[in-house]
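Structure first, commentary second.
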Amino acid sequence: MSTNKRFLIISRRPPYGSSHARDALDTALTTAVFEQPVSMLFLDDGVYQLLQAQQPAGIQQKNLGATLSALPMYDIDQLYVCDSALRSRGLGPDDCLLPVQLLDSNAIAQLIRNHDVVLSF
Amino acid sequence: MTLHTLNRAPSNTALLADCLRACSSGDTLLLIEDGVYCALAGQPIAWPAGVTLCALAADVAARGLDSRLASNIAQADDAGFVQLCCEHTRVISWY
Amino acid sequence: MIFSLLVYAAPHSHQGAETAYRFAVACLAQGHSIHRVFFYGDGVHGATALAAPPQDEPNLPARWQALAQTHKLDLVVCIAAAVRRGLLDANEARRYEKPGHNLQQDFELSGLGQLAEAAIVSDRLITFGA
Amino acid sequence: MSTNKRFLIISRRPPYGSSHARDALDTALTTAVFEQPVSMLFLDDGVYQLLQAQQPAGIQQKNLGATLSALPMYDIDQLYVCDSALRSRGLGPDDCLLPVQLLDSNAIAQLIRNHDVVLSF
Amino acid sequence: MTLHTLNRAPSNTALLADCLRACSSGDTLLLIEDGVYCALAGQPIAWPAGVTLCALAADVAARGLDSRLASNIAQADDAGFVQLCCEHTRVISWY
Amino acid sequence: MIFSLLVYAAPHSHQGAETAYRFAVACLAQGHSIHRVFFYGDGVHGATALAAPPQDEPNLPARWQALAQTHKLDLVVCIAAAVRRGLLDANEARRYEKPGHNLQQDFELSGLGQLAEAAIVSDRLITFGA
């Protein structure tokens, strides 16, 4: 594939309750395999995906947090989080299982302008 | 007496409000699936008086909330969920 | 006590489908009886015979079937919700002249009246939503 | 069917965007055919179902408002609406295609206590 | 410039807030499906400055909102939806 | 202009499935080309061959198929999302030893890479969500 496009995957849903979070993650990983630059932006309940110590064996699902931890190995290291989404839930960067960059509203709008393809889940 | 179950995070403000509005004193609210995020300590939720709160244990563990629950929330396992259904005369699911 | 379950969530899409199954297992383990499990809305996809999930994900239609055989469960799928979503038994496939059918064994297509009847004769009706 | 139970169908979703509103209505109608007393309670975006002048031909769906108008013919005449859900949307009883009874929070909790089976969509 | 589509009612406050937060001046927001309820006159929604608002006509008519739209909302038909996609460099769907 | 569509909503469950189809029709009517329609998540149910909706409701899989034949559309269904939900073509039915298959003609099962490729080569990618 010759053309390069900058991809932004927005993930807004909590893990496990529905397939959205898993689908967002699979899309990010697949796009990275296609050697396109991929960023992820966690908004709203999507920030819950980043919580440590997820143990989903009892609900018969795969550990989404474990897959998220592997993102940097796929060269997906541009991970952004809505500052107010995190803080309004009583959480901070230390609660996250990965290093993330906090963005305010202006920075989110700018992040979008800097990407060619934006997929939201 | 009614058992209410709620399966969405508190960001679904209208759902949570409807659920709490529908509770009478003596009712129990069981948080399940994404509803267990309502049980996270430090949430600004105005729980109605006289309503017992609990959260489904498998969902709490799945989401990494074991050490993060508010102190007024008890955990129930699947057997406890069934028992709560027996102890209340009707069950309403908020989703 | 006599329970009935209303499953309104589809496997893999919403967790409610899996929660319903776990609830049924816990219910039977305590000696309660389950009059009927009624699959409605997107929940009808929980009755497909063609699901092939990855090894580490549960095959809920197969699990319901196994549970039904052990405990003589009545697994009823809303026929109106099912046929418009492409879930057919052999009869409906013939009626609509479709090339195949895909309802898992031990499930049955029937009308919404079976939900009303279940609510009437059961002590508790529990909904598992999407 | 000998046993009579009082059914309450709660309808919280707007029409057309998903099948919830249609499914709630079909459940109410079917239960009435079983000669059980049925009440309906419209909460949250469910109150939008009651708006007049719905014209869904352009989106290839059946007119939900028209079916709702037929409820009294099926002896479903106990129709309740959350007062604050209606008013917070800038609507009033005159905007509704059917006569409805407005309930405040206390009345909603009491309505639930007066029913045996409560189904929510 | 970005075209945003939104398909949920304003009761989904977090979705609407995320969508509006993501808008830059010059963007367009097209309300579709249940999103057209955001276009109902008298809603307390703080629309961001410099963002053009429109609603998909078939969805407006379906829901009985033809005579109830706020004055700052234009209607677009399906062809207009396609044209809006062409006129903006990217499209984000909020759902 | 070259469009691709991502359909993430199932017919009869969420309106997004129908909006996507209307968009495609309007798109082609204006002379644009559609590189691919990709069905993902619950959207995969829009590719079933067994849907039998009431007369006054559209059969979306049949309509997509007709549109594909007229305009040579590439209708691709995410294989991972499809097989776990019980949507199979003949190959996958054989592979998983299932009694039948139910993918509508002119749809094709393939990997998520087809979504990435579509986004890369198209001028616009439009998502229709659930």
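Every chain is named by a letter (A, B, C, D, E and F) in the order it is written, and numbering of its residues begins at 1.
Here is the rule we use: contacts are C-beta pairs under 8 Å (C-beta built on N, C-alpha and C of every residue); 3 or more make two chains touch, one makes a residue touch a chain.
Just so you know, these numbers come straight off a predicted model, no measurement behind them.
Shared contact partners of subunit A and subunit B, listed by label: C, E. In this structure subunit B contacts its sequence twin subunit E using mostly the same residue numbers, the overlap exceeding half. The chain with its Cα centroid farthest from the Cα centroid of subunit F is B. Counting C-beta pairs in contact across D-F and across B-C shows that the higher total falls to B-C.
Subunit E has its Cα centroid 34 Å from the Cα centroid of subunit B. Averaged C-alpha coordinates put the centre of subunit A at 25 Å from the centre of subunit E. Taking each chain's centre as the mean of its C-alpha atoms, subunit D lies 27 Å from subunit E. Centre-to-centre separation between subunit A and subunit D, using Cα means, comes to 39 Å. Residue positions 7, 11, 14, 33-34, 58, 90-91, 93-95 of subunit E are each in touch with at least two other chains. Residue positions of subunit A touching 2 or more other chains: 16-17, 19, 44-45, 59, 61, 117, 120. Residue positions of subunit C touching 2 or more other chains, listed in rising order: 8, 12-13, 15, 19, 22, 41-42, 57, 81, 125, 127, 129. Contact annotation for chain pairs lists A-B, A-C, A-E, A-F, B-C, B-D, B-E, C-D, C-F, D-E, D-F, E-F, with touch applied as defined. Every residue of subunit A that touches subunit C in the complex is listed here, in rising order: 16-19, 59-62.
The part of subunit E that touches subunit D in the complex is made up of residues 7-9, 11, 33-34, 37, 40-43, 57-59, 61-67. Every residue of subunit A that touches subunit F in the complex is listed here, in rising order: 1, 3, 5, 7, 19-20, 23, 26-27, 30-31, 33-34, 36, 117, 119-121.
Only residues 1, 3, 8, 15-16, 19, 22-23, 25-27, 29-30, 32, 124-130 of subunit C touch subunit B when the two sit together in their complex. Taken together, the subunit D residues at the contact with subunit E in this complex read 14-17, 44-45, 48, 51-56, 58-59, 61, 65, 89-90.
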